[in-house]
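Next come two complexes, and both contain chain A; in the first it sits with chain B, in the second with chain C.
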Partner chain A sequence: MNTEHLDEEMRDVFQEIANVAMGRAADLLARLLNNYVVLPIPVVNLLERSELNMALSSLRAVDSVSAVCQGFVGSRISGEALLIFNDTSFQDIAELTEFKGDITPEVELELLMDIANILIGACLKGLAEQLDVSFSQGQPVLLGQHLNLYDLVNNQTGTRKRALTIEIPYRLESRNVDCDLLLLFTEDSLAVLESKVRFMLE
Partner chain B sequence: MSTPVLICDDSSFARKQVRRALPADWDISVSFASNGEEGLTAIKEGKGDVVFLDLTMPVMDGFEVLEAIKVQDLSCLVVVISGDIQPEAMARVKRLGAVDFIKKPVDASRLQQVLADFGIYTG
Partner chain C sequence: MSSSGESVSEFHWLLEVLQTIDVGMLVVDLNYTVLAWNGFMENHSGISPHNALNQNLFTVFPDIPRHWFEHKVRTVIELKNRAFTTWEQRPYVFRFKNNRPITGTSKFMYQNCTFIPVADMKGEVNSLCIIVYDVSDVAVSKLQLQQANTRLKEFSRKDALTGLFNRGYWEHLLSQEFKRQQRAHQSTSLIMMDIDHFKSVNDTYGHTVGDDVIRMVARVISDTLRGTDVAGRYGGEEYAVILPDTNGEDAVILAERLRVNVEEQVITVGQTSFQVTISLGVASWNTRLESHSDWVNLADQALYKSKDMGRNQVTLA
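This part shows the complex of A and B:
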């Protein structure tokens, strides 16, 4: 794959397989929260790590967010999944999961981890099945709670390499729940991804 | 006369997948649309007696297309093919008049079963 530029056909296929994968994940989230999840059109980009904020178009830099990150690797493909929650979401999530009691940072963390497991797991499984690869997932890691998005993104700019990014902004239809699932595939994975996609196009 | 068939999906990859899943010996003339608005125009031009419709699309999504078909009383059979597999999405499209729902990625035998079930094409 040309690592400077993503051609239209590649973008189209990634967008479509992300669409299928996010649909499966949304189905699980809808069942957990008993609420219809509005499915967006996934946004596919090829970005520098330092341009990560551009892949988070649905969240505003000033929003207070909490985020979890989970690495994955397999079939010579590696990457990370980031789940970023707008902190205003937790009240509604707690209500929808019938949590009783005060919503402490510990409770928020538990809700965040639960939803991260569901969404990231289902999404990666959906992608892997379609690409005919298999991924092993690392442990989910908390990146932080109650950060502003600007700080979160600027803590993630350790590497300068490019990444293929897929942004999936989920929201609930009748509740104030906003989260962004961001999948990042490393630059080293691009050649394998391209050959998998070419195979699907045949 | 060939049956006018419309495939409406924003992804060209998905449109190809649907086209490939159609029975090879079905006498059809296939048109394509890349969003709901284009799809609705094609239906009005008589290009979609049978429509394979995606839900998540820009400009006008599949739910809106189904609503417009209902309100404007357009004559076509719509089969939804979508990655939105929430039970609520399936219930909504049925309420809006879609004959059936097929989950993505589309499976040829499932699609042909739907065509047979509704007497659209029995092979």
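This part shows the complex of A and C:
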């Protein structure tokens, strides 16, 4: 794939694949929480590192957030899933999961991990099935508490300048729940992704 | 025959690997009956396979938080989706000892766990595999880093001699308070104070005794103030206090109490003993103040007035 920019056809295909994957994830989330999940429209972009940093820091600037990231790799495709969760959402999530008691930082973490497991797991599974690959998922890492989101992205050195990003904003109907799932694919995964997609199209 | 012999041997060494791998592996059915576990689980728990296999998991490990565990498992089974738990969320699921009993610094093994739905030949999920990773080293070093950072933060904020906030941090807090005042217009006051004739204490009794006096005054300040007041060591023998939600009159009452409490302290050096006094200036916030340094200046002027009037007294600006 031309790694300079994303042509319209490829963008549409990734968009469609992302649609299917996130639809499944939304379905699981709806089942877990017993609440209608507004189906989001994924945004596909090829971002420069600097743009990616900007996108991440703008997310962070809005409000206080918690985040979990999880690496995935398989069939020469690799990347990271990043779930950014607005801290104001915890109260509603706690109600939906019928959690009783005070919402301590430990409880918030528990809720965050529950949502991360579902959204990241289901999205990756949906993507992998469509592309006919299988991914190994690493252990999730909590950002924010021990690591600063912005620093973490800035810290990365190396040759990878661009990343294919799929951003999926999840909202729950009539609930104040707000989280963004970002799937980031490394630059060297792009050629493999493209050939998989071309194969699907034929 | 030979191919079946090969597959038996393959099965055998696969099992051997599972048994020896240095990661915990446990399989339970939907009623939480233990179907399989490997050497890692056996060795760390000290429970023999005979006492674990075909037993209920919660009987084998009574420490497992049952409600939490069942909730996890239910989501994994219903959604056919794997779940991860980290040590940050729950230090361990299975309480095992640290795998380095001599040099390890934590009592127990920190664990990350993965819950994996296991499908049978028909594709139905009716058992669950749990993988247990020992992450004690990572966890301990992260926790230590966190502790060190907290301590560093404290060091950078506190005055080493008195334990009060140092001037830099106190001024930072004052500027925050000033900004809040500009929005909220509460009655908030500031006290600046200074030990009278401190130089002669140093000259007469030496710097060690001088330090004792500085510490004594700091202690009196800490003991006299209320929880919401913010005290700092402003300079050598100067102290400053922010009193939120306190008008000038109340601040003067508190300042007067500080003055008396310091005056009553007796410092003994060898055979002799002496007392010290402090002079204080009080300034309440008002709308004419343009910056937090204006506020400090106002309290300082009141303090100089106390000095001019003969020391050991309180002046309200």
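Keep this in mind: the second predicted complex is superposed on the first by the 178 of 202 C-alpha atoms of A that agree within 3 Å, B and C clash if a C-alpha of one lies under 4 Å from a C-alpha of the other, contacts with A are read in each partner's own complex, and residues count from 1 in each chain.
One rule holds in what follows: contacts are C-beta pairs under 8 Å (C-beta built on N, C-alpha and C of every residue); 3 or more make two chains touch, one makes a residue touch a chain.
If you're wondering where the values come from, they're calculated on a predicted model, not measured in any experiment.
Regarding the shared-chain residue A:53, is it in contact with chain B (first), chain C (second), both, or neither?
In the superposition, A:53 contacts neither chain B nor chain C.
Just chain B (first), just chain C (second), both, or neither: which does A:91 touch?
A:91 contacts neither chain B nor chain C.
I'd like to know which partner A:109 touches here: chain B for first, chain C for second, both or neither.
A:109: touches chain C, not chain B.
I'd like to know which partner A:16 touches here: chain B for first, chain C for second, both or neither.
A:16: touches chain B, not chain C.
Which of the two partners, first being chain B and second being chain C, lies in contact with A:140: first, second, both, or neither?
Once the two structures are laid over each other on A, A:140 reaches chain C alone.
Regarding the shared-chain residue A:130, is it in contact with chain B (first), chain C (second), both, or neither?
After superposing on A, A:130 lies in contact with chain B but is clear of chain C.
Thinking of the overlay built on chain A, is A:78 touched by chain B (first), by chain C (second), by both, or by neither?
neither
Can you check the complex and tell me which residues of chain C touch chain A?
68, 75, 78-79, 81-86, 88-90, 112, 114, 133, 142, 145-146
For chain A, which residues count as touching chain C in their complex?
Residues in contact with chain C: 28, 31-32, 70, 106, 109-110, 113-114, 116-118, 121-122, 125, 137, 139-142, 145-146.
Could you please specify the touching residues of chain A with respect to chain B in the complex?
So the residues of chain A in touch with chain B come to 9, 12-13, 15-16, 19-24, 26-27, 30, 36-37, 39-41, 130, 200-201.
Would you pull the chain B residues touching chain A in the complex into a rising list?
10-14, 16, 55-58, 82-89, 103-105
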